[in-house]
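Shared between the two complexes below is chain A, which pairs with chain B and chain C, respectively.
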Partner chain A sequence: MSDETASASPGVGEQFASVARSVYGRWAAVRDSELTVAVLTFLGVLLAPYVLVELPTQLGLPTEYIWYNSLITLTVVWAIFAIGYDLLLGFTGLLSFGHAMFWGTAAYAAGIFSAEVSGSPIAMLVVGTLTAVVVAWVIGWISLRRGGIYFAILTLAFGQMTYYIFLSPMSNITGGENGFNDVDLGLLFGIIDLGDPVPLIPDAFVASWMYAFAGVALVGAVVFGYRILNSPYGVVLRAIRENEQRAEFVGLNVWRYKLMSFILSGAFAGVAGSIYVIQREYVPIDNALRWTVSGDIVVITVLGGAGSLFGSLFGAGLYMYVANIVSGFPNIGTFWHMILGIVFVAVIVLLPNGIWGGITYARGLVVRSPEIVRNAPATTRRFVETFPDRARAWLDSLRRRIPGMGGGDDR
Partner chain B sequence: MTALLETDDLVKKFGGLLATDHVNLEIQEGELLSLIGPNGAGKSTLINLITRMLEETEGDIRFQGESIVDLEPHEVVQRGIGKSFQTASIFPDLSVEENANIASFGAEHGSFRFNFFRHRNAYPAVEERTHQVLEAVELLDQRETTASELPYGDKRRLELGIALASEPSLLLMDEPTAGMSPEETEATVDLVEELQADLDLTIMLVEHDMEVVFRVSDRIAVLNRGSIIAEGTPEEVQGDEAVQEAYLGGVEL
Partner chain C sequence: MSLVGDVILLLVNGLQVGAIYVLLAIGLSIILGTLKFVNFAHGALYVVGAYAGLLITQEISISNGKLAEWGFPTLGLEWGFLAALAIVPLFVFVVGLAMERFVARPFYDRPDTDQILVTFGLAIIVQELLHALFGGRSYSYDIPSNVLGSLPLSGPIAVPLTEVTIDVWRIWVIAITATLVLGVYVIVEYTDFGLVVKAGTRDPEMVRLLGIKITRPYIVMFGIGAGLAGAAGVVGAPLSNINPEIGTTILVPAFLTVVIGGVGSIRGAILGGTLIGLVQVTLITLGSVTFLVRQVDFLFQFNFTPWAQVGIYVLAVVVLLTRPQGLLGSEEVST
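The block that comes next holds the complex of A and B.
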């Protein structure tokens, strides 16, 4: 690239550039590593209650404007749901309007299982998720025979079918329009009541075991999602989104990849739906299987930024705030649907890639690291020409301290 | 010597329209066969039948001696038939390297592998192949560019790379020079000839640019209204009266 440096000041400028590139490369690798992602999500989960509840309360903001702890748990649950949905919408390019089906059947399965067999939260989570996976397998197997709008309509139709089946023919099991009231939540690992506070951790960070449970599930979901996206599988999914025909013509079985993506997103929805029931100890049919749930998850994912993975967390947060806090505002509260609509339009118009797209853009403005690194030869040359001895000494000391750095291995 | 690919009385009807009418075509290993004919002659239909994008009405297609009519398109690709499309068919929002990477995964891992738990860089054979593909189509330096930002000629080269990643024994090329400038056409023709020589490829070419066709072809088959009306070396076809009739409305060349 910009190699005029080499001739002007032989070696040293280029060596500096290579050090700069390798420092940046290492930083980028750390930033993008799975462990960093896990740690950041964990810190986010830990800090959210403090930043959203404790801090505003201490600052004396009116309580009707600030978050409450169970709403943060609910946001975490929806974020898990949205991560799975984004896998399908953002990365595979499939728009499903029936995801309430997986969230809802998992919720019912977990609830009914707790009443009939065992109230262990882990068992409920496993049963709910497996149910969602089976349902997603069957529905996906049928719906994925059609693409685009037909796929969306098919999933919507199946979702509505499930809703009505649970509403009346199965009402003796599901409780019909009253929802399922007999959830019998047991103790986590047989010893922990999810409502209890977690010992050693201040309430301001983790209010209860329930939040810890949901938070751990979220960290797991983020890491799992991140891993999928960085696997060959994730690359193939994006290929299908970009150009399905070409993907087929490099010899990939597009249909099976899409089905697996559908099932995976169903599994995330199942995890979220099960935790939702564990938190509420009740399955309200309108918040489980009604088509509006399928709509909400589309809105949340697009708000956060389709194809961003992390955007889902912010999309869920914004949605939950408007739906649960803004809706309680004096005077304007009753218009919260309209407010949500305005927020949605504003985000889509101003930030076409959602909230996460906005964050990425802002980060690009602040940290212009790639450009700085690209220009490194020119900048360092000026430094080296002015202070040749100091430059050499500094470079040597850097080399001693950081093994394998500088000279050659610039990635 | 058995043909690499042969079609056996291949018939495709769209309602009442006979798109291909008992087509018997053979491609020998190592040759470059061009398929020409006026618009609507059935060239694309024939290509789509071979790639299994279309279901035949009657007849059989054999590749390396085995019938492929019951296969899905991706299975045909896995057997060794590659295709380059009329418009550069790439993955536009992904980088050049990722484009080649996807093709390499298809080639190394087969139609489907549920490998969602390992990092994609953990497959050296795939990386190696990706590197080779990009080197072959001379796009190694642009590997970090987003594919949609490439100039058109480079996009076509990338597409060719994607099609070649699976090392097909037969490559179907649907108008590779469509929409190219004379210089790009020239470069593409050179590339095709080079690839054919280097990789021992058999190529079936659909092309409208007669200059290109007569320059590169070993054999030419002329389609008109769904039937093959002439077949032979470029010289034979050029002198064929039926071809002149179909193509030029009887005007002498």
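The block that comes next holds the complex of A and C.
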């Protein structure tokens, strides 16, 4: 009797363990796939208006404490901006204080293009992004001549220069300090008004085509960013962040990678800036080219967590909520920006991976799950233990594709 | 208007604008050169100096902002401008000491990026605190005209032999700046204290092994830099309006001055600041100029004034592309 149970229970335990292992292994294999990330982002974009606006309203929370739809669209736009910025700060380790110039020039280019040539949102997006890429190329080429602190100073300086150029000498085109008022937004694909509700999808999820447009762009940005980061290219960028000299010594052209990273992040900023103008139908110079925009994106990315894409999404949401909702609170409302500054300093001192990193860490402490606390190494170890062949193949492919990693057949 | 008069006017205005940049840049440059610390909160020290000077000099009425709500519709000591000029640099010097001890020192061993971010966060806090307390509006100084007996502090005087009049205050700004800068230059170049600081820049470990407490000269150096920024706030603010954002707007030209002059070089900062001031004022003074292209008999008009703010960046780019370490910077310091 007792022998039977004794012999049966390890069998059940083993079975359970093997099922658990295979389920965990399956999740570990799927979790980081691009499709999972895309689906999760898509669900997030779809559910955000419901969870943040509809649900609290139905629960009867006071309206001054909850989100509104256009703010969610704005957050999505800033999230795209933040992903691009994170690519530069979090993954390449370059601190730029001039990203307003890509966001802003894209906004002006898209706005002026809509007034002069065509108001098609797609065309505005393309023109804005291309402008930002060109600007980023030129500015990056000059600023990256000096590394480290000079890079931050120079990007700040060029950002201010662009601001002054658009403010004064070019005021007959840009509208000077009044901003550019003549944005003439057309129809999407020639048939869809962006203000209209989307058929078949309830308003509680997607209020308008505008949100759908921004949401699709965000999913695209996340997937694109994710693909870059998980490609050999992204690995090189991280290598540069960790040790620029060593990356140089293994034969990588560090300068070129840094420039490309700068241009890529400029392109993201351009996409975001163009969509911002499509939403606002107006280019306010203070929200386009002023240094405060550059400062805001730094705060968003660092607060959320530099070095993690979801951290930047989180940061954008947090910042937008504090800047637009908390600022209206009685008593502490006036101090919102200062409180944010204090939190920002506290995050830099205490949480090197931002609030998102802090949450991940705290969750690990509560769940007492070592693979979350010692995040990367343990999960990687588990992955390697579960799928030794796949891990070896992955390593080999990385070795092969990154020059100088000691791969057998360098191509 | 004679040409000589115009040139004198241009020089005085240019030097005065440049003087403020020099005061800020010297602090930035020595902190960057000796302590290898990037201070994005240097503009905050300037703005603290400006507000402190304002409160010491006169009584201001606060219309919006929390101070008005809390029952201080007017605030200020009314001790006069000279008192502000004497007290504020010392006050900001002490602020600088505290900043070195509690903000900069814990960050010496952390990456440059963290130093920039933490000082940037500090700048936001200071700016937003002032914004919340005093409101977003601009305040202006009234400079008392006769304080030093017969010597006027402000008001127009005629330049001999020309028909030009200059605001005496501008000359005072140049004089005060020159005195302060000379003082700091002497301290750094000709005293034992300066010697220790310079040696510490080269090889801090060796200096420590020789039994010198290197942290003390560092904290004093930081304080001196901060004090200069505070002085800049008092001297520079009467010529423009004071609002919480002036700190950040002036930080960029100050950094450009450091980049143009070369890091760690006081003479470089003086040269860079003067150049930037002259370029800016020249572009404003030129105004609208009509060019005649003789070959084709073509007239075209170009207005330089809107480009005044842009000109200094062009200057910085040219210097950077031709001499990346700055005009008077040494090869070694440049990275």
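Note that in this section the second predicted complex is superposed on the first by the 327 of 411 C-alpha atoms of A that agree within 3 Å, B and C clash if a C-alpha of one lies under 4 Å from a C-alpha of the other, contacts with A are read in each partner's own complex, and residues count from 1 in each chain.
Simple rule for what comes next: a contact is a pair of C-beta atoms (placed from the backbone, for glycine too) under 8 Å apart; a residue touches a chain by one contact, two chains touch by 3 or more.
Since this is a predicted model, take the numbers as computed values, not measurements.
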When chain B and chain C are modelled together on chain A, clash or fit = fit
Now for A:238: first (chain B), second (chain C), both, or neither, which partner does it touch?
-> first
After lining up the shared chain so the two structures overlap, which partner does A:148 touch, if you call chain B first and chain C second: first, second, both or neither?
-> second
Given the touch rule stated above, what does A:392 touch, chain B (first), chain C (second), both, or neither?
-> neither
Tell me which partner A:165 touches in the superposition: chain B (first), chain C (second), both or neither.
-> second
Does chain B (first) or chain C (second) touch A:256, or do both, or does neither?
-> first
Mind working out whether A:298 is in touch with chain B, chain C, both or neither, as first, second, both or neither?
-> second
Is it chain B or chain C that touches the larger share of residues in chain A?
-> C
Applying the touch criterion given at the start, work out whether A:337 contacts chain B, chain C, both or neither, answering first, second, both or neither.
-> second
Please provide the least distance in Å between a C-alpha atom of chain B and a C-alpha atom of chain C in the combined superposition.
-> 10
Do chain B and chain C touch any of the same residues on chain A, and if so, which?
-> none
Considering the complex alone, what residue numbers of chain A touch chain B?
-> 227-228, 230-236, 238-239, 242-243, 245-254, 256-257, 260, 264
Which chain B residues qualify as touching chain A in the complex?
-> 51, 72-74, 77-78, 82-83, 85, 89-94, 98, 101-103, 105-107, 109-120, 123, 126, 162-163, 165-166
Across the complex, what residues on chain A touch chain C?
-> 89, 93, 95, 97, 142, 145-150, 152-154, 156-158, 160-161, 164-165, 167-169, 171, 291, 295, 298-299, 302, 334-335, 337-338, 340-342, 344-345, 348-349
Chain A-touching residues of chain C, taken from the complex the two chains share | 32, 38, 66, 106, 112-114, 116-118, 120-122, 124-125, 128-129, 131-132, 248, 252, 255-256, 258-259, 306-307, 309-310, 313, 316-317, 320-321, 324, 334-335
